[in-house]
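Look for chain A in each of the two complexes below; its partner is chain B in the first and chain C in the second.
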Partner chain A sequence: MISLKNVSYRYVGSKSDSIADFSMELSSGKIVGLLGANGAGKSTLLYLISGLLKAKSGDVDVNGYNPWDRSPEFLSQIFLVPEEIDLPAISLDAYVKAYSPFYPNFSEESLKEALFHFNLSSEIHLGALSMGQRKKAFLAFALACHTPVLLMDEPTNGLDIPGKSEFRKAVVKTMNDERTIIISTHQVRDLDQLLDHVTIMDNKGIKLDDSIANLQEKFVFGLAPVLPENGVIWSEPVMGGYAFMKMRTPDQPETEVNLEALFNYIYSNKQ
Partner chain B sequence: MIQTDNRPIYVRLADQICDRILLDEYHKLERIPSVREYAVSQQVNPATAARAFEILERQGVIFNKRGLGFFVAESAVELIRKIRLETLLGEESELFFSRLAVLEVTPEQLRDMYSNYLTSQK
Partner chain C sequence: MEKLNSKFSSKRFSDLMKAEFAVNKSNYIKLVIGVIGVFAAVALLISISAIIDINSLEHVSHLTGRSFEEAVKFKQSSHSNAYFGLSIVILSVGLTIIGSLTFSNLASKRQRISALMIPASQIEKFILRFIIYSIGGVISLLIGFFIGIGIIQIAYGGGALVINNITYYIEDFSISGTTAWILLALSGNSLYALGSSLWPKISWIKTWVIISAIEWLGAICLFFIASLHVVWKPFFMYLDDHIIGMIWTCIAALAIMNIACWVFAWVRYSKIQIIQRFMTK
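== the complex of A and B ==
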């Protein structure tokens, strides 16, 4: 369980809070998509959860730990994949020897499998990799650590096309009921089919926090050459017609959640 | 091109498993891949795959043997055909029939069209 209560954070030199009076709760066993416009505080939130930043006020609790205490026990249970990755110029082998002992659930087999599917040899040198390869190597290591909490900031940025699909498979393979995975992203089409839960935020707080199953029950998402006459709450012209969103009535079949439409709908409601 | 299939992933997965049963890739009374295996191969959330399996179990297309996994029901093929025919003649035919009515197509014309179609397929 991850819970934040009335959390605020302000970067040094900034005139306003990056996150203000922010509260949310997440139970385990979920893959959560964290969406928000640029500057909404998504990365800040991930850094607060992982103990890289200290909240100015409010409480952060991750599986019973206060992240800012940065106890070795807590740190062995959480892994953060930042958007930009700096790796030391050493061999992957040396890296794994140095870092895997911090993670009790680390699996050599998961690492090998992920590297293989990412088309990377396990004999690579981390200093001699392209940006995308570096990301793949780090993601493979992150997934192989099997930490109860895994946070990923824009994980698909820089991945090639087969890499994205291998990434999705690897996430599903390493997922279980005790694990919480939070993925912050703008690339919703890369990841929407992985998600259980969607959280849309801006720096004032949570704008939407719901399970995919509930969203399928509440809304109808469609594409049509002509806009339906009744009940449309959001629409946008797309090639060949309109993408639209309606409130669902119980007699209507459920539709797949269109996260781009949902995001634009939520952000267009400036209550 | 407008993509018209906006059905939820769990519905599409259930449909896909039915296709595999109809195409004889999954045989009656044999085990099908587990929820997890299916989720990985389709790159979807395990809960979504579980939902697809639940629908099929409720419909009687597959059944669960405790600790062993899901198996194709003895009469799965007949059942899938029956369910699909009901959907086709129900909600799916409505738009088609409403268009026929607007164009004043008679039942006889429709019958002839369908006979011709069947002949052309032979």
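== the complex of A and C ==
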């Protein structure tokens, strides 16, 4: 369980809070997509949850731990994949031997499986990899640690097209009911069919916090050459017609959630 | 017990140490080779100079009225003194450089994330840095110093004279004086380690500038105050006795300063956040 109550944070030198009086609760067993515009405070939120920043006010609780205490027990239960990773120029084997003892649930099997998904050998040297390959290797290690909380900041940045699809498969493989995975991203299309919960935020708080199942029940997303006449709450011209979003009526079949449409709808509506 | 284990566990500390050496092994090897290389280079230059000097003695010894053996001993001694003097300078500067590296791997946001997210306590991570950059720094400098002595001994037999110099200075300065010198050298390490915790990027230069500024400011203030309140008269002849009387006060002050630097570095380190505009840029 991750809980933030009335949390505020302001960067040194900034005139306004990056996150102001922010509250949210997340239960385990979810893959949460954390969406927001630039400067909405998504990365700040991840840093507050992982204890890398100290909230100016409010309470942060992660599975009963105060992250700012940075206790070894807490740190062994959380893994953060930052947007820009820092990997030493050593072999993957040496890296795994160095850091896996800190994570009690680390699985060599999962690592091999994730590496296989990413088309990487287990005998690679981290110093000899491209940026995308380094990210894949780091993601494979992060997934293999099986920490109850896994935070990822723009994990698909720098991944090639097959890498993005393999990333989704690898995440699903390591998911279980005790685990919470939070993925902060702008690349919403990369997370298609991966998320089971969406949180859209700005720096004043949460604008939407709902499960994908509920969103599918509430809204219909579609593409049409001509904009439907009734019930459209958001639309955008695209090649060959319109992408649209409308309220769903019980007789309509459920559709896949178009995260980009949902995000634009939420951000265009101040309600 | 559980709380203590949360702060410090020998198993976790040993894992942390293994991880640190696995990841930064090549950097530490380069640092030790660099330290040994500096001492070896100085020892080699002094040895070459000593051998050239000694070889030319036959032509000049009759002019000075000394016997050849006496002249050789004199030359050996002066070259060994030069190595000893230069070594003191290298040791002092080396300790400040190594001290300034203590928190150098926290210079960027990426590095801070990767260091702070390792599942070990903050005190374990701090103690490891202290061991590597303070104790390890002293040990590597001493190894370099003694390797230099070995080179000098092999080259012209002057190594024993350097050892004699050490014992001579210890006797001359007494135990208290020597302790004060050692603490003074160590305070260079701890001051620069504190500087490194405050500004990890280009730490040595920033710390040097600030210490120099404080020293100059202090000297100017002291001179100004002294010029207002002190009647100048020849009192310098009493200064030595006065300082000797104060030596234990100096030792206490230096010991406190060393401890205080590490304590402040710990306070700073324990509260470090990944984004802190002040001091990290």
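Throughout what follows, the second predicted complex is superposed on the first by the 270 of 271 C-alpha atoms of A that agree within 3 Å, B and C clash if a C-alpha of one lies under 4 Å from a C-alpha of the other, contacts with A are read in each partner's own complex, and residues count from 1 in each chain.
Heads up, the rule we're going with is that a contact is a pair of C-beta atoms (placed from the backbone, for glycine too) under 8 Å apart; a residue touches a chain by one contact, two chains touch by 3 or more.
Every value quoted in this text rests on a predicted model; they were computed, and no experiment measured them.
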Clash-or-fit label for the pair chain B, chain C on chain A: fit
First (chain B), second (chain C), both or neither touched by A:250: neither
Which superposed partner A:102 touches (first chain B, second chain C, both, neither): second
Which of chain B and chain C A:13 touches, first, second, both or neither: second
Touching partner for A:70 - first (chain B), second (chain C), both, neither: second
First (chain B), second (chain C), both or neither touched by A:90: second
Angle, in degrees and to the nearest 10, that opens at chain A between the C-alpha centres of chain B and chain C: 150
Which of chain B and chain C A:80 touches, first, second, both or neither: second
First (chain B), second (chain C), both or neither touched by A:224: first
Smallest separation of CA atoms, chain C relative to chain B, angstrom: 28
Footprint of chain A on chain C - complex, ascending: 6, 9, 12, 15, 18-19, 22-26, 108-114, 116-122, 124, 271, 273-278
In the complex with chain B, residue positions of chain A that touch it: 31, 165, 168-169, 172-173, 175, 193-196, 212-213, 216, 221-225, 238-241, 253-258
Contact footprint of chain C on chain A as seen in their complex: 11-13, 47, 50-54, 70-73, 75-76, 78-80, 82, 84-86, 88-90, 94-95, 97-99, 101-103
Chain B residues within the chain A interface of the complex: 1-4, 6-9, 11, 36, 39-41, 43-48, 51, 91
